[in-house]
Amino acid sequence: MNITLDHILAGISAGGQYALIAIGYTMVYGILRLINFAHGDVFMVAGLIMVYISASSLPIYVSIPIVLLGTVLLGFLIERAAYKPLRSAPRMSVMISAIGVSYLLQNLALYITGGLPKPYPAIPWISDSITIFGATTKRVTVITPVVVIGLVVVLVLLIQKTKIGMAMRAVSKDFETSQLMGIKINSVISVTFIIGSFLAAVGSLLYFSSYQSVIPTSGALPGLKAFVAAVFGGIGSIPGAVVGAFIIGICENLIKASTEMSIFSDAFTFALLIVVLLVKPTGLFGEKVIDKV
Amino acid sequence: MNKKRVCTLVDVLVIVLLFALIAFADTKLNSFDILAKILQKGAVFALIAVSMNLLNGFTGLFSLGQAGFMLLGAYTYAIFTIPTTEDRLAVYKYYTMTMADGTETGGLVQFALPVAAAILLAGLVAAVFAFFIGLPVLRLKSDYLAIATLGFAEILRAICQWKGLGVLTNGSNQLRKYPYFKSILPYFLISGVCIAIIALLIRSTYGRAFKAIRDDEVAAEAMGINLTKHKMIAFVTSSFFAGVGGALFAMYQNTIQAKPFTTTLTYEILLIVVIGGIGSISGSVIASFLYIACSEWWLRFLDADGVIPGVTRNGFRLVVFSAVIMIIVLFFRRGIMGDKELSTYRLLGGLTPKKKKEVSGK
Amino acid sequence: MSKNLLHVENVTMQFGGVVAVNNLTLDVCEGEIVSLIGPNGAVKTTAFNVVTGVYEPTNGLVSFDGKTIIESFPRGKMKKAYAGENRGMYTHRIVRTPDKITKLGIARTFQNIRLFKSMTVFENVLVAMHMRKKSNLFTATFMLNYKEERAMRAEVEHLLSEVGLLDVRDELATSLPYGMQRRLEIARALATKPTLLLLDEPAAGMNPQETDELTAFIRYIRDKFGVTIFMIEHHMNLVMDISDRIYVIDFGKLIAHGTPEEIQNNEVVIKAYLGGSDDV
């Protein structure tokens, strides 16, 4: 065991990246009661878009907006094509559809990349090395938590203060009633996916800047971990997802620090998930729902 | 009634004939023949898909832990059947132990079980794990259950790769040199018997209770059905057969490693179940042969360069595949068989004018 | 008066800060038809859910056939939040899951019909036979219980003929007309051989003619199967016509109890139904 500042910094940064993905999960779950299994793959695709865009040597202030826009569009299209037609179908069908989309995205990525890891371009400034308290790291490690907290504040304001935010809260409380009240369910859902994908795209910029390469399955594991973070924090709660993500990111990196146990760094996340589900299924900040008979 | 009997007899005959055909194929086909490989793998996946269908399709428990239980079965089989000390030494190269008399041995298990016993043990180990995993997890509802079972499968995979258990699992290295069937028939026989048992279970009063739970948990409980107990029965049974399937899979592969038993494997099996029809045993069986044949053989050309210039190359097959799956999921939600079974009676019934098909989905 | 079958004593059901059922006490005697009515809310169904083990009451006791089957007292967070009466009166905790309650002889139907939608009429009733099976997993799977299975099927057939559903035995349960679905749900409950049958709004959504048929049907099954009936209902004609006794609850509290005549002339009841100025 040799816990260094390196590991803690890496943990905080990983946590921030998971948090950005986790918000997408928690918002979609809050509204559709659906685990969007494809969300992690949307995150991976965002990484690939960046890889291919930067190959065309566009300046950074053009390529980053393209990545954000492309990812948002993808998230929007997935919802329209794969989830909307199943709105009245049993829950299992929608989940299977989500798994299908995930499978499709991974295979598409495999086809396009030819299965080779694609080196992620170095984004100027944020990929630079810096030294704090004697630990050398990339600047992205330090920026991540700041970016995350900034985005979360904006998001919470959006949800609390704006009309669309109010609609989102209403839909997540009661899907049918809010429909009866004249809320345009489909646009609320689309906005949810757009926000989720946008955050995932930001997350991918930060994540891949610190991991260097993208492969078709790059999104699967961070996706699952982010989902666990969302459950841990209390599904449907945005601050919960963020707190959960930071805890998972830090714990995971501390486990990685011990070479003996490092194989369990991924398994730890799932163990945590199971413990949470059993001890407090509503998570840290979740609300209790009573089944109607 | 009598007509039904005759039809059932025809069904049985057809199945016997099918097995005879397989036995005949064994005499003609080389064990490396692509057809032989596909039939073997198809049989293995048919069993695993049916075992998953028992849970997801018939009991309504959305579990994504199948790969984990396959893994347990595969490892149990491999660990307990490596025949000789030399083989064990070769396999457990990095995990040798020194005995009291100073001789070196590979791994912890220093005996080999007969193949049949090892297959049974593979199922039992998976079932025992399923019981203990089921105790906490089966209380969870739909998607939480899915994610928790998926989590357990990932944990099992990590444990199998852990160096600490290396003397059993060989860490992240391969297990090999265990006996396996070269011909096709044994795979068909074992898989066939297991599927028949699952089919009988579903037909029985327990199967009706499972379906009742799937249709409406609250009403099922009000009918005196103990939810915990019946969910557990379905979960343990399903895992038992997934374990047996895992053992067969290990045989089919000749070598086994924890690495491929990922969530993707579970998804693949789930997709087979969906293609065949959730809640149809014959559907799962047909779909798994179709799926395996397409992915290993018929659609292989899609991966070849230049069949359609600029389009077909490595990986294109899987893209076509996943697109087809999405089409099925979105537009043909009932899959090949819906929740019906393929039988002579139904085939004949389908020919008579009384054709009242319900429209799938809304 | 005949033997007391169901005894609900001081039952309070509180969800968070909301007291849904407040200190409810009532009795149902053998052979009676007793109705529970009330102008508002899901209170009555909640009471049923307590009796059938779906919810654990926050406080109170339920006994059946002279034996306490459910008992509870405020625990955990409820210790502080409990707003009902009779705190400290109960100190034991006895909980039973719904299937155990059914096995004791209390069967129920649901307000929003809950039939097994993938099954035929026959199979729906056959499922209810499962709990009394003697076969185990092994004998059932390998069809060693064929005698029992045959007996089960014969019994279901008999039951279906008695309730007039034999003609539709192979129809999909959910394809039946509404009235028949209600009847099937009752038949399914009867297949568990209950001594007490709880009917949750059996006439909901029925037209007057169907309601009349139902009234006759309920009487018929009481006499034919010797079951005691405890029901929740809104159709006053049905309730007044059929009930031996009626309990009235308003805002979770019992406000009156008596024969149909007594209830019809009860000032408090009339006020609860018609009089509240804040109530439409």
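When the chains are written out, they are named A, B and C in that same order, and each has its own residue count from 1.
Just so we're on the same page, contacts are C-beta pairs under 8 Å (C-beta built on N, C-alpha and C of every residue); 3 or more make two chains touch, one makes a residue touch a chain.
Keep in mind the model is a prediction, meaning the values are calculated, not measured.
Trainee: Which chains, taken as a pair, are joined by the highest number of C-beta contacts?
Mentor: After tallying contacts for each pair, the winner is A-B.
Trainee: Where the centre means the average of the CA atoms, what chain is farthest from subunit A?
Mentor: Using the mean of the C-alpha atoms as each chain's centre, the farthest one from subunit A is C.
Trainee: Roughly how many whole angstrom separate the Cα centroids of subunit A and subunit B?
Mentor: 31
Trainee: Using mean CA coordinates as chain centres, what's the subunit B-subunit C distance in Å?
Mentor: Whole-Å distance between the two chain centres: 43.
Trainee: State, to the nearest whole Å, the distance from the C-alpha centre of subunit A to the C-alpha centre of subunit C.
Mentor: Inter-chain centre distance comes to 47 Å.
Trainee: Could you say which residues in subunit C touch two or more other chains, in rising order?
Mentor: 54, 110
Trainee: Where in subunit B do residues touch two or more of the other chains?
Mentor: 218
Trainee: Out of subunit A, which residues touch more than one other chain, so two or more?
Mentor: In subunit A, residues 293 touch at least two other chains, as defined above.
Trainee: List the residues on subunit A that touch subunit B in their complex, please.
Mentor: 33-35, 81-82, 85-86, 88-89, 91-93, 95-97, 99-104, 106-108, 110-112, 114-115, 217, 220, 224, 227-228, 231, 260, 263-264, 266-267, 269-271, 273-274, 277-278, 281, 293
Trainee: Any idea which subunit B residues touch subunit A in the complex?
Mentor: Interface residues on subunit B, with respect to subunit A: 56, 60, 62, 136-137, 139-140, 142-144, 146-148, 150-152, 154-155, 157-159, 161-164, 172, 218, 263-264, 267, 270-271, 274, 278, 313-316, 318-319, 321-323, 325-326, 329-330, 333, 361-362.
Trainee: Enumerate the contact residues on subunit B facing subunit C in the complex.
Mentor: 197, 200-201, 204-206, 208-209, 211-212, 214-216, 218-228, 233, 279, 339
Trainee: Provide the residue numbers of subunit C that touch subunit B in the complex, in ascending order.
Mentor: Touching subunit B: residues 52, 54, 97-100, 102-103, 107-108, 110, 114-119, 123, 126-133, 135, 137, 140-143, 145, 149, 152, 188-189, 192 of subunit C.
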